[in-house]
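My questions will all concern the structure given below.
Order of writing sets the labels: A, B, C, D, E and F. Residues in every chain begin at 1.
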Amino acid sequence: MIALLLRDLKLAFRAGGGFGLGLAFFLIVTVLVPFSVGPQSSLLSIIAPGVLWLGALLACLLSLDRLLALDWEDGSLDLLATAPLPLEAVVAVKSLAHWLTTGLPLVLVAPLLGVMLNLPETGFTWLVVSLLIGTPALSVIGTFGAAITVGLKRGGLLLSLLVLPLYVPTLIFGAEVARRGATGTELETPLLLLAGITTATIALLPFASAAVLKINLR
Amino acid sequence: MIALLLRDLKLAFRAGGGFGLGLAFFLIVTVLVPFSVGPQSSLLSIIAPGVLWLGALLACLLSLDRLLALDWEDGSLDLLATAPLPLEAVVAVKSLAHWLTTGLPLVLVAPLLGVMLNLPETGFTWLVVSLLIGTPALSVIGTFGAAITVGLKRGGLLLSLLVLPLYVPTLIFGAEVARRGATGTELETPLLLLAGITTATIALLPFASAAVLKINLR
Amino acid sequence: MIPDLGKYTETVLSAYGISIVLLVALVVLSVMRGRRVRTELKSVEQRMSRDG
Amino acid sequence: MTITAKANSLWEYANPRKFLATSERLLPFFWLASTTCLVVGLVWGFFFTPDDYKQGSTVKIIYLHVPSALMAINCWLMMLAASLIWLVRRHHVSALAARAAAPVGIVFTLVALVTGAIWGQPMWGSWWAWDPRLTSFLILFLFYLGYVALWEAIEDPDTAADLTSVLCLVGSVFAILSRYAVNFWNQGLHQGASVMRVAAVTGSDTEEKVSNIYFFPLMLCIVGFVLLFIALVLYRTCTEIRARRIKALLARERANA
Amino acid sequence: MTLTVTDLAIARGGLALLERLNFVLEPGKALILRGPNGIGKTTLLRTLAGLQAPLAGQIQGAEDRIAYAAHADGLKPTLTVAENLSFWMSVFGTHSIQPALDRYDLNELADRQAGNLSAGQKRRAGLARLLVTGRPIWMLDEPTVSLDRNAVTMFAEAVEDHLKYGGSALIATHIDLGLEAKVLDISSNKVKPRPIEDFDGAFL
Amino acid sequence: MTLTVTDLAIARGGLALLERLNFVLEPGKALILRGPNGIGKTTLLRTLAGLQAPLAGQIQGAEDRIAYAAHADGLKPTLTVAENLSFWMSVFGTHSIQPALDRYDLNELADRQAGNLSAGQKRRAGLARLLVTGRPIWMLDEPTVSLDRNAVTMFAEAVEDHLKYGGSALIATHIDLGLEAKVLDISSNKVKPRPIEDFDGAFL
């Protein structure tokens, strides 16, 4: 299992492996926002927490289709399924690798982009905290979507369609925490709810993903 | 060439071919915006034109990776390159098919989503006009990006990264037209510039794309 | 014939119009597909029992 | 086709042939009953109920809006049940019924959304507001879309049935979660559920509750929508069964060739 | 340690393909699987490997003892050959990739990225994976595709070695491998058409 | 109508592979390309088909007359076999796919989606594409991979027919096709390592 994690990380870091691309996408989307809504800093600072959360979510989403599909195409997934590893563990490791290569970097650069969008000073801590708690859920939910669509040639868009509605609760609570953090209001409830969602998805969804993957392999 | 266009359309409409998914993605991104920035309709109506343009752009972007990569993977692109069709024509037809299956539907549903984001009444016409003029440029530029990244396994994210900067001018002028339309200010200049960009990219970029593709094939 | 709907005439009529169109379209499309599939099944079954 | 043996268990209708025969006999009744209820209810509501003192003639929209909204949710519940049956007992008919119901659910959701939006224009001054009720309906719509898209995208029928069933299960959980999330995110303008309360209230007419005059035609319409739903799902399930059989026959033909 | 298949029936894409499959694969023996294109060899191997469920019948002695090599190689194009093999080594908990490299003459290619190999070189790397799994039963689907004569001989030797140490192999192939092995021709196991009145059956 | 190759040198991935290639492919003749894995057969065929530029040397008589069949089939999995072939038919401006279907016994598979075929059936559909191109020179890269005996015979007959009507074929393969054809062994054309002093050359 550690071997699998290491391999996935290695693959991500190799040229063309996609590490950093999610980050760059996040960066670019955030940069495009002022171009599309206009440059007034007062407006930007209001929408900043929301935009950053949305950007992080989309960056996660876009990297999902390489999560399992590559292993499917070159036959590794078949071989992994016959290997002495429970499929649940495989799926969980894949989610973890995805979070380490996508979610975590996003969390780390988010403050930087916050500066560019005039995020109010008070908002930074809570933005990072909310992303740190929320992004693992995004990876786990995304793995489920990837497992469902893995057999489809370029299921990328269908994957987005399936996963985005599932992302709604996480996004709402995450963005709520970040927004309340920025305006300095009470944020305990959404924070707890966000943490609850993350824990629950991490505990339960890998089983669903493994089940779905087994169906797809046959 | 017509055979190629018809084939591409047929492929798009076949089960799993991805037609309508770009649309759905557009819809979902638009829906997610209020979740992330909050539900106040005054705020939403200000950012509506920008969000719609950005959403359309992302939906276009996401469907790019199936534009050439599928043909590359199954070897059709090699075969097309040895066929009695100029590669420029192949590329141009591919762009056209992409626009017909992605850009055009986006233009058609944009007003509906405008309603959901409280776009001011005056803004609808210009939103549609700006998208109608701008999306062909998105398809053509996207084809260029797809041609550059075609040899890379799951170049999806890299593709986004390359193409996004190229989309900036189109986005700026397109969103400007839509925004000015919504506030009812003068919008001739950005409209002309947008039209200029579209014409120029349609006239010139296919040659660049074909050249790049030739390099990638060898 | 249509009752006086006051200033909301368009509103109410369009709501009824659109809904009824949607529902009727659903029924009609379902029935059309049903008919098509039924005849197709008949022909396939006939062909197969003929060919053995 | 007649049924000779008496059904001694409900599961016997999971046999495609028996299901076809039974629904063939039941369908005319459902078509007729649903049309009657809908026509009577809508005509009654449209022509013979007075305008509301506050909402004017727009109350008449309720006869379409509420039934379709109710059925949009119930349709998803029915799909959930059918999915569970498929996953546990693997009766093909139940998977096909879930598949057949989804587009019906989409249309009902659309009708609820559209009538609500049209209603909102005079009432709230805008076509759309991010009210939790409306928003969660929009999310439901997205779930429907994803579900149908997944069915369409997968070639092998059994795989498709399995995957969509799991999606339906997981999706239901997330739909409920979203409902709460949306509620938390924005407390809305929409009235709460009052139909059920109204049943107990006689005569007393508060602003928020639907009074008796509107109640009976509304009930007729709701019954009509339920019947229409059943008729459509039965009919479409028969179609799906036949389509599936065609597929199987063609496959066998090519295997024998 | 024997793989026993009794009355197996298999299906693909919702269509029954083969039935009444009965055979035994003993340690130290190889079995060549023959049959025309499209009869269901790949499907049979996948079923035995546990990747799909059989329609009917039993498979005994297969659990966690099968190493499967499919039409696709399962190589990561951006990892080197050595890295690819090492990965499978740690997944299967064995200890060295050196014997595998030696056996298929891959030492020179060990540090090349798998994506930059020619078709035959890739295939050799894919076959080398079998040796690092340490599994006793090999299920091979047209293993010699794209291999030159020399490499086919290497492969045949690898199989013989494997058999010598008590392993066994089931090999689907259309060409002659020069192996001493019984042939299992499944052409006669093709499913017989059923009468179309059999409505429920038509759903399978 | 003759394909003439003089003093050709080819490279792959920035590395010179083969040099001093000289041969002639006449109408009505087939040439079997032999060489061990990784020597550069695929690269040579791609160069001749015009997909990559040669390092040195001339290729005459190739332009717009080559039909190339690579390791991959170029079939769209969601289109049926007939639709796939019809598409190539209209691209190449020929008139019927029926002869191709007949030749490779594809009539029964014509309405099946290409993605649902077995490996060998797919390959047959891929080879049938050659017949609808109407091109005189065939460049085939291991065409018989996954084909059963029967299908190999079909293929050999198709090639013989093609030769009879004045076509020609260059076929890279490791197995015996039962074709009467000259063999072109390129093992001896491998590029010799150059002295390391030759700095500029090392850049090639």
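The criterion applied here is as follows: a residue touches a chain if its C-beta (ideal position, glycine included) is under 8 Å from a C-beta of that chain, and two chains touch if they have at least 3 such contacts.
Keep in mind that this is a model prediction, so the values were computed, not measured.
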Inset, instruction - Among all other chains, pick the one whose mean CA position is farthest from the mean CA position of chain F. - result: D
Inset, instruction - Call it same or different for chain E and chain F: same when shared residue numbers make up over half of all numbers used at their interface. - result: same
Inset, instruction - Look at all chain centres (mean of CA atoms) and spot the one farthest from the centre of chain E. - result: C
Inset, instruction - Please compute the C-alpha centroid of chain B, do the same for chain F, then give the distance between them in whole Å. - result: 37
Legend entry - Approximate Å spacing (C-alpha centroids) for the pair chain E, chain F: 28
Legend entry - Inter-chain centre distance, chain A versus chain D - centres from mean C-alpha coordinates, in Å: 33
Inset, instruction - Take the average of all CA coordinates in chain C, do the same for chain E, and state the distance between these two points in whole angstrom. - result: 52
Inset, instruction - Please list all residues of chain A that touch 2 or more other chains. - result: 16, 152-153, 155, 158, 161, 164-165, 168, 172, 218
Legend entry - chain D residues counted as touching two or more neighbouring chains: 139, 142, 145-146, 149, 153-155, 185, 245, 249
Legend entry - Residue numbers of chain C (touch at least two other chains): 45, 48
Legend entry - Footprint of chain F on chain E - complex, ascending: 13, 35-38, 42, 71, 116-121, 124, 142, 145-152, 174-175
Legend entry - Residue numbers on chain A that touch chain E, as the complex places them: 2-4, 7, 10-11, 14-17, 73-76, 78-85, 217-218
Legend entry - Partner chain B, residues of chain F touching it in the complex: 46, 49-53, 64, 66-68, 70-79, 83, 87-88, 90-93, 129, 133
Inset, instruction - Provide the residue numbers of chain E that touch chain D in the complex, in ascending order. - result: 13-17, 191, 193-194, 196, 199-200, 202-204
Inset, instruction - Mind listing the chain B positions that touch chain D in their complex? - result: 15-16, 20-21, 24, 27-28, 31, 34-35, 38-39, 41, 44, 115-116, 118
